[in-house]
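For clarity, chains are labelled A, B and C in written order, and residue numbers in each chain start from 1.
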Amino acid sequence: MVTEEENVGIAKIRRIVREKNPLVHCITNYVTVNDCANALLAIGASPVMADDIDEVVEIASLANALVLNIGTLNVRTVQSMVAAGIRAMELRRPVILDPVGAGASRLRTDTARDLIRAIPFAVIRGNVSEIKTLVAGSGTTRGVDADESDWDGNALADVIASAGTLARRTGAVVAVTGATDIVSDGARVFAIRNGHPLMARITGSGCMLSALVGAFCGASPDRLLDAVVAALCAMGLAGELAAARTEKENAGTGSFRTYLIDSLSKMDETTLAGGMKLERRA
Amino acid sequence: MVTEEENVGIAKIRRIVREKNPLVHCITNYVTVNDCANALLAIGASPVMADDIDEVVEIASLANALVLNIGTLNVRTVQSMVAAGIRAMELRRPVILDPVGAGASRLRTDTARDLIRAIPFAVIRGNVSEIKTLVAGSGTTRGVDADESDWDGNALADVIASAGTLARRTGAVVAVTGATDIVSDGARVFAIRNGHPLMARITGSGCMLSALVGAFCGASPDRLLDAVVAALCAMGLAGELAAARTEKENAGTGSFRTYLIDSLSKMDETTLAGGMKLERRA
Amino acid sequence: MVTEEENVGIAKIRRIVREKNPLVHCITNYVTVNDCANALLAIGASPVMADDIDEVVEIASLANALVLNIGTLNVRTVQSMVAAGIRAMELRRPVILDPVGAGASRLRTDTARDLIRAIPFAVIRGNVSEIKTLVAGSGTTRGVDADESDWDGNALADVIASAGTLARRTGAVVAVTGATDIVSDGARVFAIRNGHPLMARITGSGCMLSALVGAFCGASPDRLLDAVVAALCAMGLAGELAAARTEKENAGTGSFRTYLIDSLSKMDETTLAGGMKLERRA
């Protein structure tokens, strides 16, 4: 179990984000980039999206965290990701990897693997298919969205093992999101049961979450594991609150998307501490 | 007229989309790509947006349908469109063309024509200017949005003739959307009177529709004409329902956009069958 | 002070936009391009987003105004910006520059400066950091968003001086937006106190404003200074109305974003004339 005190300590990072207003540099896909920017602004962080090789090193130098998302890969931006990642590493700023669709194509699997070799990521956040692909070196991801069957076919223990393996191998905090989220630094493990199925019915839930992880880690770089847990709890709780409002109004997924951002923007550390469904697994 | 039984049979494809959850590969523009992803998720399909030449063949192999949209053309993505289209053709998966802005620039007109030569499209969906450009080989489209005057200057019979000509020439089902939509496979012709003028006051109505056509065809590849008709009716009806809510609340085009996705996500086959304004013209 | 008559004359440009339905060609960033398109459609203009070098000259020839936004710069689109800008200049169509993030990287600062050398802009619209960077030739912008401290450290007189300097040097109308907006053509100066802090909590407020400036200037090319003022007042007032609704509903930044577009789409010249907080400073 997680004590009330630990809960409060983790939720407090929500406040630190607002106070520090971290600048989060995202090199990300063009599908959900607008959602990521709005999610960051909603929680009190500042986004800067820049991917040209001629400026990413400078922009990375200004930022408190860097988020690399391979959702719509191309050769041009992969080079920028490596250059920005190396600069952020030099400055000891947390770098987050979202290996979107790793396993769905050789290009994505190879790129994710190459990025992991080149950059000492602070955090790797993906769904079960993506994380298992990174552990195994190959995969069978269907498209870029989490496979619902992930959780049927895989006991939670198996997911925890994969997260731990990747964490120990890379030195990163690994977050595997799904019906239950697992966060592991290779030694300690948390399970998070926040969230709602409607989150899988809009695009960008995962990408926004990775951006938020960047903000929480950028605001609290000395407590990375707690920062990742706080970000996942905040996103999941925002999904629950937005779903409740959507269902109450008998609305649909368009309204849910709007309410998700509303919930992120209005959530304070007290709401977060009260809504976190967090348990320690190791 | 269309019989009640035919209506029900066409509307049933709405349910098949939800059951089959087709994966729709879109190579599309960066203006409305987020809207397309959310529209697909709203109806129960899964989007995958990938345009890099090094992965589109693999991604196209995973997908149930491929949608090519030339809204923000560049040389890089045109090559990817051809490669993905050829792969989808080999696997007999439906490929949909949205010739956005054909007629507005030589590049767009030529690219649309070249794509039609290279790929045996299952469906071509555009507005009157775009379809007439494809029939004539040149055009005078103003920008990328449907010209309101299209329907004043052109009798419906003329639109039906253009759709039929393009359908017979290409082997595709041709959908011409506007105040009245026309769908033709070169022999049979349907007219659809669903829709609302507010749909032209937001970006992405046409692009989302083409994505939905991909989902409906991917879920029902053996009944392409019916699938296209069902997708157009579903989108038009969603527009009507969203407009009614917008007007009731005295809201504007921002709310309309949200409610359009809401309506898509909540629409079942019964609502669709009851709201379809469909007639057979040939 | 601005007389009631002048107010009405400026607000009237809102109606001219609706009547003329100007086509606005945007070469812009992929973060907020969808927002820009929806903002243009909301006020009754038509967007066309095209950035390929092989078509921008043709597209610029069709359009009533051209908006160049360097939010996600890359080499490919900078070439297109210059080609489109030169064509628009030849046709005497207003060209608007949004130097997003000038000062945050050498690439952005240099590109903005190069564009200003190559193209006689009708309007340059930025925040204080960006405009000061353009005046000084270098800068220290933090990311791409307006720095809150801009207004603390800089007396309004200083901002007015910077705007005037840049206006006289370039021949452009210069708009500096922030808590108070300043518009200067080098001789006449207006201050605008419309707007709301929530506008800085969503992405795209600045980009949408620059797109609207394009629409107002495209609809009223013989009254550029008034057109810029009208666009800034309209955007600021829409922000106020959207904020009031957001606060009344105890909603968040997701709803605010939707309501901002709602307010733009519903605002007529009477509402605008009644809500403008405009004063003449020189």
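Just so it is clear, contacts are C-beta pairs under 8 Å (C-beta built on N, C-alpha and C of every residue); 3 or more make two chains touch, one makes a residue touch a chain.
This is a predicted model, so every value here is computed, not measured.
Taken as a graph of touching chains, this assembly is complete, with every chain in contact with every other. Taken over every residue number at the interface, the positions common to chain B and chain C amount to under half, indicating a different-residue contact.
One finds 33 Å separating the Cα centroids of chain B and chain C. The set of chain C residues touching two or more other chains comprises 30, 34, 257-258.
Residues 29-32, 34-35, 71-75, 101, 104-108, 142-145, 200-204, 251-255, 257-258 of chain A are the ones that touch chain B when the two sit in their complex.
Residue ranges on chain A touching chain C, taken from their complex, read 23, 30, 33-34, 37-38, 41-42, 46-52, 54-55, 58-59, 62-63, 76, 257-266.
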